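Structures for review follow.
Consider the two complexes below, in which subunit A is the common component and subunit B and subunit C are the respective partners.
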Partner chain A sequence: MPILSAQHLNFIYGKGTPYEKHAVHDISFSVEPGEIVGIIGHTGSGKSTLMQLLNGLLKPMNGTVTVDGQDIWQNPKTIRKYRFQVGLVFQYPEYQLFDETVEKDIAFGPKNMGLTEEEIGERVLRAAELVDLPPHLLPKSPFDLSGGEKRRAAIAGVIAMEPKVLILDEPTAGLDPKGRQTILEMIKAYNQKTGAAVLFVSHNMEDVAALAHRVLVLSGGKEVLFDTPDKVFAQSETLQNLSLDVPVATRIMLGLKQKGFAVKDGIYTLEAAADEIARLKKEGGANA
Partner chain B sequence: MLNDITFGQYYPANSLMHRLDPRVKILLTVGLIVLCFVARIAPSLLLVALLTGILLLCTRVPVKMYLKTLKPIIPVILITSVINAVYVSSGTPLFQVWRITVTTGGVLTAVYMSVRICLLIMSSSMLTYTTTPTDLTDAIERLLTPLKWIRLDVHSLAMMMTIALRFIPTLIEETEKIMSAQKARGADVESGGLLSRIRALIPILIPLLISSFRRASELADAMECRCYHGGDDRTRMKQLHLRFWDVALLILAAVCLGAIILSNHYLSGVLYSLLFGGVL
Partner chain C sequence: MIHIEDIYFSYSVEEDSEPIPLFEGLSLTIEQGSFTTILGHNGSGKSTLSRMLNGMLLPEQGRVLVQGMDTADEQNQLNIRKTVGLVFQNPDNQIVSSIVEEDVAFGPENLGLAPDKIRRRVDQALAAVDMTEYATHSTARLSGGQKQRIAIAGMLAMHPKCLVLDEPTAMLDPKGRREVLDTVRRLNKEQGMTVVLITHYMEEAATADRCIVMEQGKILLDGTPHQVFSHRKELEQTGLTMPAACQLAFLLEDRGITLPALPLTEQECITALENLLP
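Presenting the complex of A and B:
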C-alpha cells in the first residue's frame, strides 16, 4: 500500500479575485514506503503548493491526500497529526530557526507532538547525528552557526519528528558543493535508516539522478511525467521544452548517439556513463 | 488568514478614477472626508453619500470589494452608535431603559455618525483601490513639498513611506511562510488560551524580526551601491500632469463643498421643521 497518495488534487489561489491562479491542476500520484521521489519543474510550476497540500498546510479545492491509506482531511481537527507524519522542510529552512539554543530549536517539533522529555532528548541527539551536527554545537545559539550548519539544524528540526514521509523543498539551494553533498548524503541516510519515503524538489538534475527512484515532472500546475529517472530523462526534448534540463551524463550519451555511436538508452549517472563508454571502447577495439 | 486584509490593496482596473492624477485623488478623498463631517443635516449628508456613491461607481471596482472593507469596522460603528444614542440627550425622549433615556436627537446623531464612518472608510478605500502605493507616496511627497519651508525633509519622509508600503506584502508573505514552516513542525497558533497563543507567536515573531533587519540592511546596501543620497537634485522618471478630468473633478469637489456648507446653513431650519415640526 502506498504511504502517501494524492488523487486529483486541485488548488486555486485567490479564488474569485483578479489575482486568481490555478496553482495545482488535477495531480494524482502515489509514493511507496522507502521510495525517494524527485520533483522537478521550473519556477511557478506548482511544486511548493503541492508540497503544502501533501502535509495538510493547504486544503485542496477538490481531490484527496491519503497518508497510510487515511484521508487526511476526513476530520480537519486531527490535521496536526498528519503534519508529524509528513514532515515538510521549506526552502531556506534556516530562516525559521528561533529558539535560544540549537537543541531547543530541534526539540520544538517533538515537543509539539507531546512526547516525554526523555524521548525528546533522544530524538534530538539522533536527528543531530543524522544531519552531521557535532554535539558541541547543540548548546549554541542557532544564529551563531554557519550557513550550512543552520540549514542542517533546521532540517534536523523536522527529522526529529521522525516522519514517515519527509518532503524537502530545494534542500540544497544556495549551498556550496560540500554543503550540497552533505545534505544529499543526509537525505539518503534518513531514507535508509528509517525506511521513510522522501520527496524532494530540486533544480539540479544531477541530484535527482543520484538519489531519486522516481521523478515527478510538473509544469504550469499540471503533472507532465511520473516515472523512473531513466524513462524521464530519456525524454530530453519534453524536458527542454519545459525549460528543464537532463543530467550531464544523459547529455553526453545523447551527443554520442547523434555522432552515430550505438549507446544504450536510459543512462543518467556519471558512473553508468563511464561504464558504457568503456564498453563501447572495448567493443570498438574488438571490431577494429 | 492574512490574505483577508483588503484595506489598502490596489485593485487593477481601467477606469476614470484609475487614470486620474494621484494628487487629485488624494485631494478628492480628503475633500470627501471633510464633507462627511461638515454635513450636519440629513440632506447634505445624503448629498455627500450620493457624491461618494457616484465616485465609487466611477472606479469600476466591484461594490462587493467596498462592502468588504466595512466588515472589520462594524464593531466600531456599533459602539459609537450606542454611545451616541445614550449620551446625546437633545430632542424628545423615545424610550427608557433603567436610568438611560434614549432621545430622537441621540438616535439621529448615532445614525449620522454611522453613515459618516462608512463613507469615510469607503472613500479612503476608493483611493487605495485605484492608486498604486508608489503613485500614492509620490503624490504625497509632491503635495507636502511646501513643508520644505519649515525645514521638513519631505523626500526622506516619502521614501520611508514608499519603502514601508513596498514591504508590507513582502512581510505578509514572509509571515505566512514562517507560519507554515512552524505549523509544519506542529506549532498550534489557532487554539488554546490567550497566554498559550501569545507564547505560540514567539516562533513566528523572532524569525520575522531577524529577517526584517536582514532585509533592511541589505536594502540600505543596495541603495548605497546605486549612489542614493537623499532628495537633493533628484530628477523624476514619471512627471505628473493635470489633465482635463483632474481639473474638472477638482472644480466639482469645490462646488460640492460650497453647496453643502450652504445647504447646512439654509436648509437645516426648513428641513427640521418639515420633518420634525411636530416634535421639535
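Presenting the complex of A and C:
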C-alpha cells in the first residue's frame, strides 16, 4: 500500500475574484514506503501548493490525500496528526529557527506532539545525529551556526517528529557546493536508515538525478510526467518546452546521438555516461 | 581598472572577541573590460573582497585603487560608487520603489541630474536589461530574475564602468539565472563593461575570461577557466565541484580515456568525444 497518495487534487486561489488561479489541477500520484520522489517544475507550476496540500496545511477544493490509507480530511479535527506524519521543510528553513539553543529548537516539534521529556530528549539526539550535527553544537544559539549547519538544524526540527513522509522544498537552494553535497548525502542516509519516504522539490536536475527513484514533473498546476528518472529525462524535448533542464550527462549523450553515435538511452548520471563512452570506445559502436 | 595592493583585513564574530584575520597581504588587479569570476566557499572571503571593490569596506592596511582613486579617501567616495556598481544576492533587498522605472531612477536622482537626463538614463538602462515593457509595472509582481535585472538596471543608470555581482543568481530558478547571466554577458561584450561575478555555479565560471579561486582569504588559483579547472586535485581538496563537462572528462581519464584538451562546456565535450570515438 502506498504511504502517501493524492487522488484528483484540485486547488484554486482567490476563487471568484479577478486573481483566481487554478494552482493545482487534477493531480493524482502515489508514493511507496521508502521511496524518494523528486518534484520538478518551474516557478508557478504548483509545486509549493501541492506540498501544502499533502500535509494538510491547505485543504483541497476536491480530491483526497491519504496517508497510510487514511483520508487526512475525513475528520478535520484530527488533521494535526497528519501534519506530524507528513513533515514539511520549507525553502530557506533556517529563517524559521527561533529558540535560544539548537537543542530547544529541534525539540519544539516533538514537544507539541505531547511526548515525555525523556522521549523528546532521545528524539532530539537521534534527529541531530541523522542530520550530522555534532553534539557540541546543541547547546549553542542557532544563530551562531554556519549557513549549512543552520539548514541542517532546521531540518532536524522536522525529522525529530519522525514523520513517515518527509517533504523538502528546494533543500539545497543558496548553499555552496560543499553545503549542497552534505544535504544531499544527509537526505539519502535519512531515507536509508529510517525507511521514511522523501519528496523533494528541486530546480537542480543533477540533484534529482543523484537522489530520486521517481520524478514528478509539474507545469501550470498539472501533472506532466511521473516516472523513473531514466524515462523522464529521456523526454528532454518535453522538459525543454516547459523551460526545464535535463541533467548535463543526458544532454551530452543526446548530443552524441545526434552526431550518429549508437548511445544507449536513459543515461542521466556522469558515471553512467563515462561507462557508456568507454564501451563505445572499446566496441566501436559508432553508426552500428 | 581596479588595483588591490597588499591589503589586510580581519573581522570579529562577536563584538568583544578576538578579530580573525581574513586577508593578509592580498593583491589583485582587475583589467578594464574583462569578465572575471571569483569562486570559493562560504567564508573564503569572496563577499568581503567584493565589498572592498567600491569602498563599502576599507582595508586595515594596504589600499584599493579604482581608476587611480583610493577608496579610503572620503572625497573619492561618490565617484567610486558611480564607477563600481554592486549587485547582491537577494533581489528583494535591493528594490526601493514600488514602480519599476522609479526604482531605476533612484540612483540618478541622487546624483542630482536634470529630469530629462534621468528619463534618458532610465530608458537606456531598462532597454539594456530587456525590461522596457515593464517600466510602469509594480516591482512586487516581478519574478526573481526580473527583480535582479531591475537591480542591475538601477546600477547601469549610474553609468558605472564596472559591475560587481555577488552571487546574483543564487536565489533564482534556472530561467531567472539564464536571464541574468545573458544580460551580464551582453553588457560585457557589447558595452565593454568590466564585470566581476562571484558565484557558486561552475558553469557560470566556465565562460569567463578569467577565473579566481579563493580559499581562506587567499588566492588559490588564478587564470583562464581552462587553466584553473585543470587543477583537479586542488579543486577537489577545497571541495569545489567542477563544471559537469570537466567532471565527465576526469571520469573518462579514470577509465583510461584522455581527451586532447579539457572540455569546459557541454558543446566542447561533445565535439571532443565526436573526434575521439571510432
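Convention: the second predicted complex is superposed on the first by the 284 of 288 C-alpha atoms of A that agree within 3 Å, B and C clash if a C-alpha of one lies under 4 Å from a C-alpha of the other, contacts with A are read in each partner's own complex, and residues count from 1 in each chain.
Note that contacts are C-beta pairs under 8 Å (C-beta built on N, C-alpha and C of every residue); 3 or more make two chains touch, one makes a residue touch a chain.
Quick caveat, the model's predicted, so the values are computed rather than measured.
Undergrad: Looking at A:His203, would you say it contacts subunit B, subunit C, both, or neither? Reply first, second, both or neither.
TA: second
Undergrad: Looking at A:Ala274 after the superposition, I want to know if it touches subunit B, subunit C, both of them or none. Which is it: first, second, both, neither?
TA: A:Ala274: touches subunit C, not subunit B.
Undergrad: Going by the contact rule set out at the top, does A:Phe143 touch subunit B (first), subunit C (second), both, or neither?
TA: First partner only.
Undergrad: Look at A:Phe98 in the shared chain and tell me whether it touches subunit B only, subunit C only, both, or neither; answer first, second, both or neither.
TA: After superposition on chain A, A:Phe98 lies in contact with subunit B alone.
Undergrad: Given the touch rule stated above, what does A:Asn112 touch, subunit B (first), subunit C (second), both, or neither?
TA: The first partner, subunit B, only.
Undergrad: Examine A:Asn55 and indicate which partner it touches, taking first as subunit B and second as subunit C; both and neither are also allowed.
TA: It touches subunit B, and subunit C stays clear.
Undergrad: For A:Leu88, decide between first (touching subunit B), second (touching subunit C), both and neither.
TA: Only subunit B is touched by A:Leu88; subunit C is not.
Undergrad: Using the superposition on chain A described above, determine whether A:Gly157 touches subunit B (first), subunit C (second), both, or neither.
TA: After superposition on chain A, A:Gly157 lies in contact with subunit B alone.
Undergrad: Between subunit B and subunit C, pick out the one touching the greater number of residues of subunit A.
TA: C
Undergrad: In the complex, go through subunit A and note every residue touching subunit C.
TA: 42-43, 146-148, 173-179, 181, 203, 206, 243-245, 247-249, 251-252, 255-256, 259, 261, 270-271, 273-275, 277-278, 280-281, 284, 286
Undergrad: Sort out for me which residues of subunit B touch subunit A in the complex.
TA: Per the stated touch rule, the residues are 3, 11-12, 177-178, 180-188, 202-204, 206-207, 210-211.
Undergrad: For the complex, give me every residue of subunit A touching subunit B.
TA: Subunit A residues touching subunit B: 14, 18, 52, 55, 57, 80, 83-84, 87-90, 93, 95-99, 108-109, 112-113, 143, 157-158, 161.
Undergrad: Quick one: in the complex, what on subunit C touches subunit A?
TA: 41-43, 89, 143-144, 170-171, 173-176, 200, 202, 239-241, 244-245, 247-248, 251-252, 254-257, 266-267, 269-270, 273-274, 276-278
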